Amino acid sequence: MTRGAGDLMDYRVTIGLETHVQLKTQTKIWCGCRNRFGQPPNTDVCPVCLGYPGTLPVLNRESVRLTVMAGLMLGCRINERSTFDRKSYFYPDMPKNYQISQYDEPLCLGGRLEIEVNGRKKSIGITRIHLEEDVGKSIHYEQSSGVDFNRAGTPLMEIVSEPEIESADEAFAYLTALKQVLLYGGISDCNLEEGNIRSDINCSVRPVEREELGTKIEIKNMNTFRGVHRSLVYEISRQINVLNDGGSISQETRRWNDETGVTEAMRTKEYAHDYRYFPEPDLMPVVLTREQIEGWRATIPELPGDRRARFVREYGLSEYDAGVLSADRNVADYYEEAARASGHFKAVSNWIMTDMLHAMSEGAIPIQEVKITPGALAGLIDLVDRQVINRPSAKRVFTILFEKGGNPADIVEQEGLSQVRDTESLETYIDEAITAHPQSVSDYRSGKKAALKFLVGQVMRLSKGKADPQMALEMLRERLDTG
Amino acid sequence: MSSLSALTIHELIDLLDRGVCSSEDVVTEVLSAIDARDERVGAYLDYDAEGALAAARSADDARSKGAERILPGIPIGIKDVLNVKGDTCRCGSRILEGYVSPYDATAVARLRQAGALFLGRLNMDEFAMGSTNENSAFQITHNPWNLEHVPGGSSGGSAAAVAAGEAVAALGTDTGGSIRQPASFCGCVGLKPTYGRVSRFGATAFASSLDQIGPITRCVRDAALLLGIMAGRDPLDSTTVEVPVPNYQEALADDLKGMKLGIPREYFVEGIDKEVEQSIRKAIRLCGDLGAEIVEISLPHTEYAVAVYYILATAEASANLARFDGVRYGARDEGHDPMDLYVKTRARYFGPEVKRRIILGTYVLSSGYYDAYYRRGQKVRTLIRRDFEQAFQECDAILAPVAPTTAYRLGEKIEDPLQMYLGDIFTIPASLAGMCGLSVPCGFSDAGLPIGLQIIGDAFREDRVLRVGYAYEQSTEWHKRIPPIRDDEGGR
Amino acid sequence: MMAQESSKNTRHIDVAYVAQLARMQLSDKEVPLFQDQLNHILHHVDTLMRLDVDDVEPTSHPFPGENVYRDDEPREGLAHEAAMKNAPKTRAGFYVVPKILE
């Protein structure tokens, strides 16, 4: 099935993504039911979101703000006047059998998202962002299906990209960058397991020499980024194979089968479809003033790309480190607070990149819940810097701080971890080490320099790890070289 | 002795205040009127006698303990399209068989808060689609003035119940005339408020940009009282407007001095029944005698109103009625897949007029026809709205017939939907413009059928139409006549 | 609102097709009856074609208005049992429909 890379080179791939993002609000878009995941079926429901006769939608103010914020962060133009429309289609998870959406006057138009694939930067256009309602969920029994409307009415933002994505890797990078921006803005929890981000893919291929686009295939409802990537890898090669074999692609909707790793044509609908959009009479237009939009713009946090560049510039971090630290807004905030408190930018970066992120992933703890405060981390680095404690002790203090929190100086004291740096005590340990290991002494003197390392180790052991290893080394060398 | 069930709300409040009767007495008499007459009238789909009596007793109890309510235990009939918590709400349709409402419509909740009680569900054309009540899936309602005739529609049950003494007052809904026309056909007072004046929350939607809830009563003062209670912004209905609610009863006056009343030339054309025209002309003269200045005005796009209405109302309805699919509530026919379930359920439980309108509404929105029909309809709606805006530069209110004829004979128009639709020509324009309109009895045909005068007012100027209606009513006797079916009352 | 040609014959309505869009199955009697009645009605509706409305704004709401919101605050919903009581068919807290085949 798979062909050589040569085939791929003869074709151009065009991909557009329609990404649905659930907004982080307390309540649903039209009613006061809670917007949350994981409740028993049909418990976060009311007459409005169940589409009972006589009920009416009332727009959640916060859902508008979050959509506009997303638009601003993606460089969109915000429509000062925006309206809602009804989109008709019958489906069991759709309580009213029409979805309230936005057709020709969406909240946001035209934006861009920067992505990076294999070190190459590219900007993908955003066509529009509109606000709509999510539908319910179904489960399937042997003979029937069950519908749960808890999700129905969750505020949903649809972000439509320009067809400027040209590979599976770029699609993956686009979604990753999008998620980062949305997390930064607090727009969505972006929890893929909970279905916060779901994409429909449009994909076509054409021979490089052809001007007009190839026939578009739609792959519906992808809820993992990896799935988007895998399905595109498959679909692109499938389409190229069809064309190579002299066949033609017919416009259709396909479904990704994650288990078998192929896309499958969906059964063609036996019923005619026509969305019959018309203006929603139950909702009034949203009209935003310049001041309101500018007020929101002022609250936009620094975007991940900008922050990464600033980390390199301001803290002298490597591109890589800056990238890791700025990927998550909370981690970046943490880093900056600790770096500012400490002044040792690189040391703070090292601690977070190694010990902190490791311990966090080990315990599956988000940085917001970590017990060690940025101030404590700065304090710990200061203790190392002033040689109050040595590296191994510092690791111990970190572990304690991570688990229990507290003040690093107090922990050093409680645990008796201060470095032994007075020459008198060190002399005692050195005497003891030399006496116990005469062979090592003579080895050193006969030129085996490694023996010195062993003796420093003995001093460390005798001091229960508290000796300043550098001082111990120097004093030992002086003793053996002169004695 | 005059029957309590024949009195107005104001008369009853007076008797209750003076301790002459109790709410239980009132409900008892209304129930016995229903018992005596409803077999012939057919206004009620169902009613809860025990529940109503219990609610009346508890209202009496509260009053004896000093509770002061505007409507102390006053029973009000409810059109079957409105949600009342714990009651059925079938909208005259078999597709809502089995549905019990878990909530009160806002208008209902406000009346309940004011002390009113609700004794039953009044018949209507299925989903408010019709002008005769013949489109009810359940029963025919007869005009209390002549049982061979229709009560009008779609709030026919509401008007018939009030006319027959089976309800002190009732709520209806008006999309293209569904309060005003049955009120006219049954000799009652009916008020369609300005769009946005009364919350639509809880009124099962027919056409969302047109529907309004309003009262059907025995006198203008009662309509003013009920409107005052129901009106005002509702956080549950985004289309209600933040316009202060005046005291409508204080606006009532015995004369029309200083008022300018417009007579639209397009409403007096061929096709209008001679008897109706004579009654309206007489009513206009009387308003002049009461001190109003009468001016001729023009509403030039009147002839297009019915066409616009049947595009826009059916389009909205086609979406509004999509929710009736047999999944979450109501009737259901099993199918082998969901689509099969829908087509079977909807085919079996919707009546012919509803199907006809859903098809028309679906068609005018469908790909290829949207611009030609729906969008053009919306544009002509703008022209009709401008007609009224212009007219209200020249007058304070408009006087017109409610309908070109008196109540049709049963079955007279059922075969010809277009003729039936054209009967709404005088009520539809104000609906499209969002204006308020009041229907007041203004005479009878030789055959003894009531004729209604329509008073159309500018947006949120219900105070003016009520004032005109009240002054006219107080100087005439039409509203005091009672239909023959009430001969058992012994007069008032 | 939508890019559509209006050159099609606006007076012909394919009742069976439109009924399918609206998810209703019409009987053999209903199709010709409705076809006839609706063509008659559409013939009347065509009087609108006489008007020049090129420069007229469409009316979606009778009165202008904007920015009607609710605050993002939870409100008590419907008890699960109350919701399920109205349902024609349920199973384990779900609304039951015939098997959905995508």
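Chains here go by letter, A, B and C, matching the order in which they are written, and residues are numbered from 1 within each.
Note that in this section a residue touches a chain if its C-beta (ideal position, glycine included) is under 8 Å from a C-beta of that chain, and two chains touch if they have at least 3 such contacts.
What you are looking at is a predicted structure, and each value in this text was computed from that prediction instead of being measured.
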| item | value |
| --- | --- |
| Most centrally placed chain, judged by C-alpha centres | C |
| Selected interface, A-C versus A-B, where C-beta contact pairs are more numerous | A-C |
| Separation of mean Cα positions, subunit C and subunit B [Å, integer] | 24 |
| Between subunit A and subunit B, centroid-to-centroid distance (C-alpha), Å | 57 |
| Geometric centre distance via CA averages, subunit C-subunit A, whole Å | 41 |
| Per-residue multi-chain contacts in subunit B, two or more chains | 99, 102, 209, 235, 238-239, 318, 322, 325, 327-329, 338-339, 342, 362, 366-367, 370 |
| Contacts with 2+ other chains: residues of subunit A | 47, 50, 58-59, 90, 92, 97, 145, 147, 149, 271, 274, 276-278, 281, 283-284 |
| Overlap residues in subunit C, where contacts from two or more other chains coincide | 1-2, 20-21, 23, 60-61, 65, 68, 70, 78, 83, 95, 97-101 |
| Touch list for subunit A against partner subunit B, complex | 47, 50-59, 86, 88, 90-92, 95-98, 145, 147, 149, 270-271, 274, 276-278, 281-284 |
| Interfacial residue positions of subunit C with respect to subunit B in the complex | 1-2, 4-6, 8, 10, 13, 15, 18-27, 30, 34, 37-38, 40-42, 44-49, 51, 53, 56-63, 65, 68, 70, 78, 82-83, 85-89, 95, 97-101 |
| Parts of subunit B lying in touch with subunit A, wherever the complex brings them together | 81-83, 89, 91, 96, 99, 101-103, 105, 200-205, 207-209, 235-239, 315-316, 318-319, 322-323, 325, 327-329, 338-339, 342, 362, 365-367, 370, 374 |
| Touching residues on subunit A, where the partner in the complex is subunit C | 25-27, 31-34, 40-47, 49-50, 58-64, 81, 83, 90, 92, 97, 103-104, 138-141, 143-149, 255, 266-267, 271-274, 276-279, 281, 283-287 |
| Touching residues (chain side subunit C, partner subunit A) in the complex | 1-2, 17, 20-21, 23, 60-61, 65-78, 80, 83-84, 91-102 |
